[in-house]
Structures are given as C-alpha cells and as structure tokens.
Amino acid sequence: MQIGFVGLGKMGGNMVHRIERDSDHEVVAFDPNADAVSTAEGHGASGAATLEELVSKLDAPRMVWLMVPSGDITESTIAKLADLLEPGDTIVDGGNSNWHDDQRRAKELEPKGIHYADVGTSGGVWGLDVGYCMMAGGPDESIAQLAPILDVLAPPDGWRHFGASGAGHFVKMVHNGVEYGMMQAYAEGFDLMHQSEFPIELKEVAGLWNRGSVVRSWLCELAELAFKQEGNDLKGLQGYVDDSGEGRWMMNDGIEMAVPTPALAASLYARFYSRQEGDYAARVLAALRNQFGGHAVKKVEET
Amino acid sequence: MQIGFVGLGKMGGNMVHRIERDSDHEVVAFDPNADAVSTAEGHGASGAATLEELVSKLDAPRMVWLMVPSGDITESTIAKLADLLEPGDTIVDGGNSNWHDDQRRAKELEPKGIHYADVGTSGGVWGLDVGYCMMAGGPDESIAQLAPILDVLAPPDGWRHFGASGAGHFVKMVHNGVEYGMMQAYAEGFDLMHQSEFPIELKEVAGLWNRGSVVRSWLCELAELAFKQEGNDLKGLQGYVDDSGEGRWMMNDGIEMAVPTPALAASLYARFYSRQEGDYAARVLAALRNQFGGHAVKKVEET
Amino acid sequence: MQIGFVGLGKMGGNMVHRIERDSDHEVVAFDPNADAVSTAEGHGASGAATLEELVSKLDAPRMVWLMVPSGDITESTIAKLADLLEPGDTIVDGGNSNWHDDQRRAKELEPKGIHYADVGTSGGVWGLDVGYCMMAGGPDESIAQLAPILDVLAPPDGWRHFGASGAGHFVKMVHNGVEYGMMQAYAEGFDLMHQSEFPIELKEVAGLWNRGSVVRSWLCELAELAFKQEGNDLKGLQGYVDDSGEGRWMMNDGIEMAVPTPALAASLYARFYSRQEGDYAARVLAALRNQFGGHAVKKVEET
Amino acid sequence: MQIGFVGLGKMGGNMVHRIERDSDHEVVAFDPNADAVSTAEGHGASGAATLEELVSKLDAPRMVWLMVPSGDITESTIAKLADLLEPGDTIVDGGNSNWHDDQRRAKELEPKGIHYADVGTSGGVWGLDVGYCMMAGGPDESIAQLAPILDVLAPPDGWRHFGASGAGHFVKMVHNGVEYGMMQAYAEGFDLMHQSEFPIELKEVAGLWNRGSVVRSWLCELAELAFKQEGNDLKGLQGYVDDSGEGRWMMNDGIEMAVPTPALAASLYARFYSRQEGDYAARVLAALRNQFGGHAVKKVEET
C-alpha cells in the first residue's frame, strides 16, 4: 500500500526506514529539511518537495502520517492538509498530541469528510530494530486501511486499536504516566540504597532484580546499563529532570474524572522540584519560621 | 509553691521570668551557664550551682522542670536527677521529647517511685508576654501539684492535661505536624500567586485574608508581617527549610497506626526537597531518560 | 450609588440585605424566583421582574452584580446582559467562576465596550453580620465605581483589587486551595489523636490550640464548635467529602505553571478517596497481589 | 554441603524441595508440624523432631536457615538456637525481618561467636521452578559457606551479597517498596482507562505494553493474566489491599535518612485508604464544612 509521511526527524525518519526495509509498501516522504528527504529517498522512499507534491503523489483514499512536533506545527500542518485532501482521506497523527486535541480535530475535519486517526508510539530509538509499540485511535475504516503499515512498524502483534479518535493518544498518555510512576519508584529505591550505610553497588542490584525478582522490567534493565555507564554515584549527571507533557495531561484528566493519581502527582512534582520549582514556597516557609522565632534561617549572603 | 528549673536558655529563662514576675511561686534555677543563673536570680529566682544544690533547696515532694535540649542532654539530666530525687518527687520534661521516650522514662522511673510528667509548649518568643499554650501528660497527682505553675505560664485557660505520661508531647507533636501542613498550604498558595501573571502584593493578600476570610489564622498574620519585612520576592531568604523532628515522628506514628497523613508527608518532603535531598533520585531519573533516548540530559560541565 | 443584583439566593439575598441595611445605596434586584424578589424588596431594594426591567431601572454607567450559580447559568446571564447593556456599563461576577473564564468573558465583552469585573468572596453565612472578605479583579474604572458597594459588603478594610479581570477569582481560588490544605492538616491531626491510646477530648484540643498556640485559626475555632456539637466520635456524620472545584482548578494551574502543590494534591485526593474513588485502582492492586501469590485477597461474597 | 532448615511452610518447604531435587546437598529439616517434616523427608531431607535434634545432626561449623514468620517466632527461634549452637556456626534468617532487627541480632549473637546472616527473597510461588532472587547480608565467611546453597536456590547468577548483617533484608525491603510504587503506578493508569469514555479492554493494553513498550515488566505480565482471569471490571475482587510491612519500614528509613519517598508514600496511603483508614479524617472535613455553612453534609441515616 501507499502512505505519505510528513516529518522525517529521528522518529519519522526511522519509521520510513523500517517500512521500506521490511515491506513492499510505498512511502511518499516530505520534510522541510531537504537532507531528511534525501535520506528517506536513500532508504527507498519517494521524496516530495512540498505538501502539495506529497498529496499529488498519493492515490485516494490517501493516508498521510504526521510525525511532527506536537502543538503549533501539528496544528498548522493539519490545517494545510485539510485544504489539500479529499473526502475519504485520512490524516494520522503519530506524534505526542493531547487526546483532547485529537477529538477536536476529528470533529473539525468531519464536515470535509476527512478522517482523523491518532497513533501513540512507545519504544524510542530501539524502534527501528525491534519495532514500535503502537496504540491507535480513529474510525474503523481508517485503521483497517492503516493496518498493513502498523503491522510493519510494530513488533509481532504489537499494535492495538482502542476506540474512536483520541483513544490512541489517551492510552499512550496513560502509558507515559505509568512510566513516570515506575521511574520514580525505582529512583526512590536507588536513592535510599545509595544513601545507606551499606556499600551497595547499584548496577548489581538492578542486574540481580532482573533475574527472577518481582520488580524485573525493561526500565530496570536500563537502570543496570545506566549504572554501568555512569558509575554508582552518577557524578556526570545533573539532577534536573524535564517532563514531556503527558504526565501533566494525565493528572489533569484524573482531576477532571475524580480518579486519584497520587503516585503520578508525586512523580511529576519530584521533577518540578528537581528544577528548583517550589523554591519560592520554601522561602515562604523559611520566612514564616523566621517570624515565629527561634529558628535559624539561611539568609542570602551579603556580597 | 516551689519549683526547680533546669535549663535557662531562651525558653527556660523566659519561663522563670514569667513565673517570678506574675506570681508568688519560688523558683530554684540551675543552668551549667552561670550567667544564665545570674539572670534568673535577677528576676527573683534562687540560683543553684549544681543539680545537687537545686534538689537540696526544694522541699519534698519536689517538682523539677527540665527545659534542656531533647536527646542526650535530656536523657543524662533525667538519669542524674533519678539518683538525687526521692519517691513522690516529679520530673517534668518541658522540652521537645518524642512521646515514646516519655513512656519509656516513666516506666524506668516507676521502680524508684519518681513520677514523670511531660509538657509540650507552643508559643515561641511571645510566650513571655502572652503566655504559653501548654499540653500536659503524666500522673494526675503530679499534674495537680504542677497546676499553679501551669496557670501562671499559660494564658487564661491555656493548658490541658490529656492523659498519662507521653500524652502531652503526643498532642504537641500532632500540633507541630498540623503546623507543617498549614504552612505548606499557605506556601503553595503564595508561590502560585507569586508566579502568576497578576501583579499581586502578597502582604495585601495575607492582610486581607485575615479580615473575615475562612483561612484567617495566626500563621497568616505572620505571613503578612513576613512579606512586609522581607518584600514580595523574599529575596533575602534562602529556600532552605529545616525540620525539628516532630513532623517525622508524627509520620512514623501515622504509619504505625495506619492513619494516612498525606498532607504532612507532602509538607515534610517539601522541606527535604528544599535541602536538595532527592537530588540523587533526580539523577537516577535523568540517567534512565538518557538510556531510553531522545531526551536531552544535563551533563555536569567539564572544567 | 445604584447597583443591579441578579441572583437572590442565600448569598445574593444576604448581600442585598446588608447593602440596604448598612448604606444609602439603591439596589435593583432580580431573581427568577418572585419570592426572593419580594424578600429583597422587604429589605428596601427595588424589585425587577425581568433582566430588561432591571437594566432599565439603572442609570448609565450601569453596574450589575451577578450572584448566580457558576457555569451555564452564569454564561447565559452574561450573554443576555451583553445584549441589554451599553458601552461603559460593567458586569460583576460575584460567584465562583474559574478565572480563565473571567479572562475569556472580559475579552468577549470588550468589542461591545462593556467592562467585566470579578469578585471572589469568602465568609459564608456569617457575611451578613460581619461582612464578606472580597477579592476583586477588573478594570480600574469599574472597581473605582464599585468601591462604595464593596465598602459596605466587606468588613473594615476588607476588600482588595488584585489586577485585571480574573485576578479576583484567581486569588479566591488560591484561598480555597489553601483552605483545603489547612483542613486536611487539621483532619490528619485529629484522626491520629482519635486513634491514639490516650483518652483525648478533641474539643479540648481545638479549644486549647486557639489559646496561644501556633496553629490557632478560625478553622480551629470551627473544629472546637464541631466537636462540641457532634461529639468526639463524629458518629452522626459520614466520611464523604465533596469538593467545589476551586481545589481542582488550583491544581491544574499549578501543573500548568510547574508549581508543585503536593499538600493540595493530598487534600483533594483525600476527598476523592472519601467518595470511594480509587476503588478500582485498589482492585487492580488486589488482582496483582493475587497473581504473584501467597497474598490473601478479599473476594466479593457469593450470594 | 549440609544445611539445617527450620520452618517448612510454603516457602521453606519448596526451598528444601528445590535443594534436594537440584543438588547433592544434605538438608536436615525441622518444623513443629510433623506432616511438613514428612513431606520434606519425601523430597530427600533428613527430618528432625526438635531443634536439638536438628542441631545434633549437623557438623560444625553449622549453617541453620530460618524460614519462619517474622516477629516473635523468629525472635524466639533465634534465642533457642543461640543456646544450642557453637562459636563459628551461622544462623540465616531467610524470612521478612526488618534489617534493623538483623543488626541488633547480629550484635547480640557476637559475644557467643555465632554468626548471623540475612537473605531477602523475591519470587513467590514460582521460586520452586525458576529459582528465587536472593539478596544476602552477613559476614563474608558465612556467605562463602552458604554460597553453594544460594547457587541452587537462585536462578543462574541470581543472588548477591550486599554487605554486613542487615544488608540483605535492607535491599529486599527497598525491592518491596519499589514494587509498591510500580503497582500503584499501573493501578492508577488502569483506573483512569477503566473510567474513560473509550471501550478499552485492559487485558489488551497490558498485553500490548509488554510487546515493546517502555513500561513492559513482569508485573505488567501479571496484570494481563489478572484481567484475563478476572475480567475487565474485576468484579469478583474487593478493593481492600493489605500491606506486609516492608513499605512502612522503607518509609520510616526514608524519613530517618531525609530521603523523600513520595511515590512510596502515595502507594502505602492508597492501601490504607482502601481499608477505610482515613475515614475519621474525612468526617472531620465534613464536620468543618458543615460549620462554615452552605455545604451539604451526609448525615448517617436515622433508623
């Protein structure tokens, strides 16, 4: 089958590579960066210099997969495609959109007869080799048309269709929220062991836990690799942890739906704290302790 | 009545001052620091150069109030007094002991016939003027003997007897745990307002909230004072917040009794985070994100 | 001065009563419930049978205060007033709106030249007697016009203007979020004392803490009243706690602004848990424990 | 080599079975339940009717492995063995002791020249087949003597020695704390998906996540099994979740060491809430809301 690919960065480029390498599907590939298009052509894709050319090279009903940064770029790309595509075509957002945006977009595209599907992807840089775990949402007919592509992108039996537009990114959002909680659980454990009186080698703990313990997991395998590479003290790293948005969205949804997510909250706030967010609150605490007296407060040094 | 006072620091010294100023009770005062004893004498107390002298100056049944640092000094002072006192005498710990230690000490002193009472005190540096809010535990007869002293130390109707030895420090511990939660609640609110897009003067908020709002409190009055003195940005203060132990004890007791104390936990951990505890956990998170790729990680700069 | 009042329920009715009782201002009052209008007339207001009549009875520039349920009713009332009012008039939302909605409405009304102000109110059923603590947002000229009304509604010096439209409800939202945290802090403390081995009378604790302790507050006064009325065991009450929205909004804003609010999160989730939200998560935990064996799991009884 | 086994319940019995089946080591087995001893004999062990007989059947330096309930039974068994064993012998606690107790016991046994080792075990009912993941603490010479036994009990490369007495149970405690956090992370995610508007089959999610996603783990495999057996609604299970102690210990150690463990706290408190702990705190909240008026409160129904 044919598919258009918009966005040939690390993720999109690898996906095109995997499709061309492992199947007979035809990919028409576009990216504002001409080098990325050339690379895709090198893997066997048909390059396009513009969105218009990409659309013109595809037979209806067209399937166009977006792998572009979430937010404004995704919005504007969808707006342009909405003008170029025809009824029966499908836009697939393979990026990291909020599922509420998916629902809005599907509704906005409906009057034009254009379908909207969303695919959440987990697997990172290993996807090229082992395949991407894919969570899909959208109309049945769009997903049916997309299935051969998902079959080649995913490992065996490695994708699922979870419902109408938005369902894919919803499950992916929850996946990431669970990931936050698992990572924080390990981090608290390794922290306590590192501060303890015992001379514990954390790479040994992570490795051992992966051989038969209840907490064995891929993240624990990564932890073993990390301690091997970075050493027991992780001296080369700063304790500064970004968040990519999905954890916040999941907390918001939990609040909206009255589902308590305290482990996720702990995990997200731990990342905020790692970035010194909350420092002003701490100064308020110091100021109050200063007021009721008897407590030493650290003043900023005079210079 | 007569009372012995051991420990004439800021708190103990003010208490002796208040008793001598506002009543006819006789205080026999001892401190290893002779200057502190002289000061107490200046307020009308009878000084003692040693614990032995203090005990010898008191008529049985004696009442000896300890106002010394919790921990080893309290333990060793009680041990010495246990050898000097007689059956029917009472040791009162007015400091910040863990109530489990009170229970142990009461049991240890029982074979000697010496009573043990514990008084938790709130009020800080204002106590000299307005009186100390006092929470007492111990045998009924000891508290009955002590009542005239508590009457003068506390504001009107400002002390209560909550049960056997340990009950006073238990209620005081909970008091401090509640204080942690209230302070954190205000701190989160002031932080959010400070980060907001509105040009909010926090001293105005704190002042306003004290005039008729649901969250009016003494801590909110302190917040108004603090913002007036330190400015809206609290620039002169570091966001480094100590904890004095009672919050930890209350969490431990909650865990032991299966009583969830999540707001207290949030408050205590916020203080830990303010001291960069949890930094290693954050480095573990950074290391894991580094492993699964695609995430920028801050490396410690080479020099 | 003149003011229109829309919404004469418990809060709005009392406010009209207070204005008429304590000032010479003229209130034109409307409510869909004719009895509520009659009551307002009894306090000295001029009644209106429709929004149109209310607007016609006011001289420009008009000031119309809404005290109606937040959400759809507020939205539709504002929409109707937008058609009836003239440039230079002001709509004041005195209810519990989300400040993001205030900002949107102010923007929507701008092309018509109609001003929008928002006033958050704390004080509950005591406001009629002691005045309402009021937090205002909106254009300077609207708040200047409104000031005489705020002067009579609030206790002395009991209102403040915190910035553009939305600022009032923003500060009120934070107020409520702080209230959640303070309530949870007290609740955890009273819970621990209630479960303890000591025979503690909680009304005595609450009363004592209000006489000189660090945690004295109006909420602690309410706690004393509550334990006096409901008894130490609170047997007559169910542990089911609603939330009115502001706590959720404040959490969402904290998430958006990367301000950690862990005590608020703990407080909100505690309310969710009180309503058995999280029960499904607990069943997931039970199911997992069941799988890895050796753990007794409570099965639902067969009938 | 020879080893004595005390405690032939599900775990201990399986361990003896595994040793006899998979090695030439000799096990001398004792349990107060004679049937359990017979079963062990059936697997090839040499039975003992008393602790004295068990000790007499072993050659010095003896190695005695305890697999009995933690707490009083472990304490009294160690006390009895301390009288029966000789200098150079080793007691191994293979149960779920708190590592602080291990440290105390090691110290208490030192004057008698008896060594103390502790082995934390993960793996549950599958251990007989696939081996137990084992975390060991204790003197080097004891662990060296014990190594051949650990080799047969564990899967390949499946045990480690982490330091002096207590280190094994310390790492095992952290293991369990991490497990709590991971389980809670999954539970929150499955809860949100279950409450969502999408018709998500959770067994499909769990299965899919195990094929290439970042959150793949053994617990996620168990989740898939659980949803397959119990159905999407988990209708047959009650949301009542016990805790076995290690999570509490780890929280206490975090508090002692000033290591924030907020995800663990969230997980432990979620279990408390599942058992209706916190209900009294909720009633306090309801009582306070009742006081400040305007809030509907659920009263316990009159009968």
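Which chain is which? They are A, B, C and D, in the order written, and residues in each are numbered from 1.
As a convention for this text, a residue touches a chain if its C-beta (ideal position, glycine included) is under 8 Å from a C-beta of that chain, and two chains touch if they have at least 3 such contacts.
Note that the structure is a prediction, hence the values are computed from the model and not measured.
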TODO: Could you find the chain whose CA centre sits the greatest distance from that of chain C?
DONE: D
TODO: Please state whether A-B or B-C has more C-beta contact pairs across its interface.
DONE: B-C
Task: Distance between chain centroids, defined by C-alpha means - chain B, chain C (Å) - done: 35
Task: For chain A paired with chain B, centre-to-centre distance based on mean C-alpha positions, whole Å - done: 48
- [ ] Give me the residues of chain D that touch two or more other chains.
- [x] 124, 184, 186, 188, 191, 195, 214, 219, 259-262, 265-266, 269-270, 273, 278, 281, 292
- [ ] Could you please specify the touching residues of chain D with respect to chain B in the complex?
- [x] 214, 248, 251-252, 255-256, 258-262, 265-266, 268-269, 272-273, 275, 277-278, 281, 292
Open item on the list: Could you list, by residue number, the parts of chain D that touch chain A in their complex?
Closed with: 122-124, 127, 130-133, 135, 137, 154-160, 162-164, 166-167, 170-171, 174-175, 177-182, 184-186, 188-189, 191-193, 195-196, 198-200, 204-205, 208-209, 211-220, 250, 253-254, 257, 259-267, 269-270
Task: chain D residues within the chain C interface of the complex - done: 10, 124-126, 183-184, 186-188, 190-191, 194-195, 219, 222-223, 225-227, 230, 234-242, 244, 262, 270-271, 273-274, 278-300
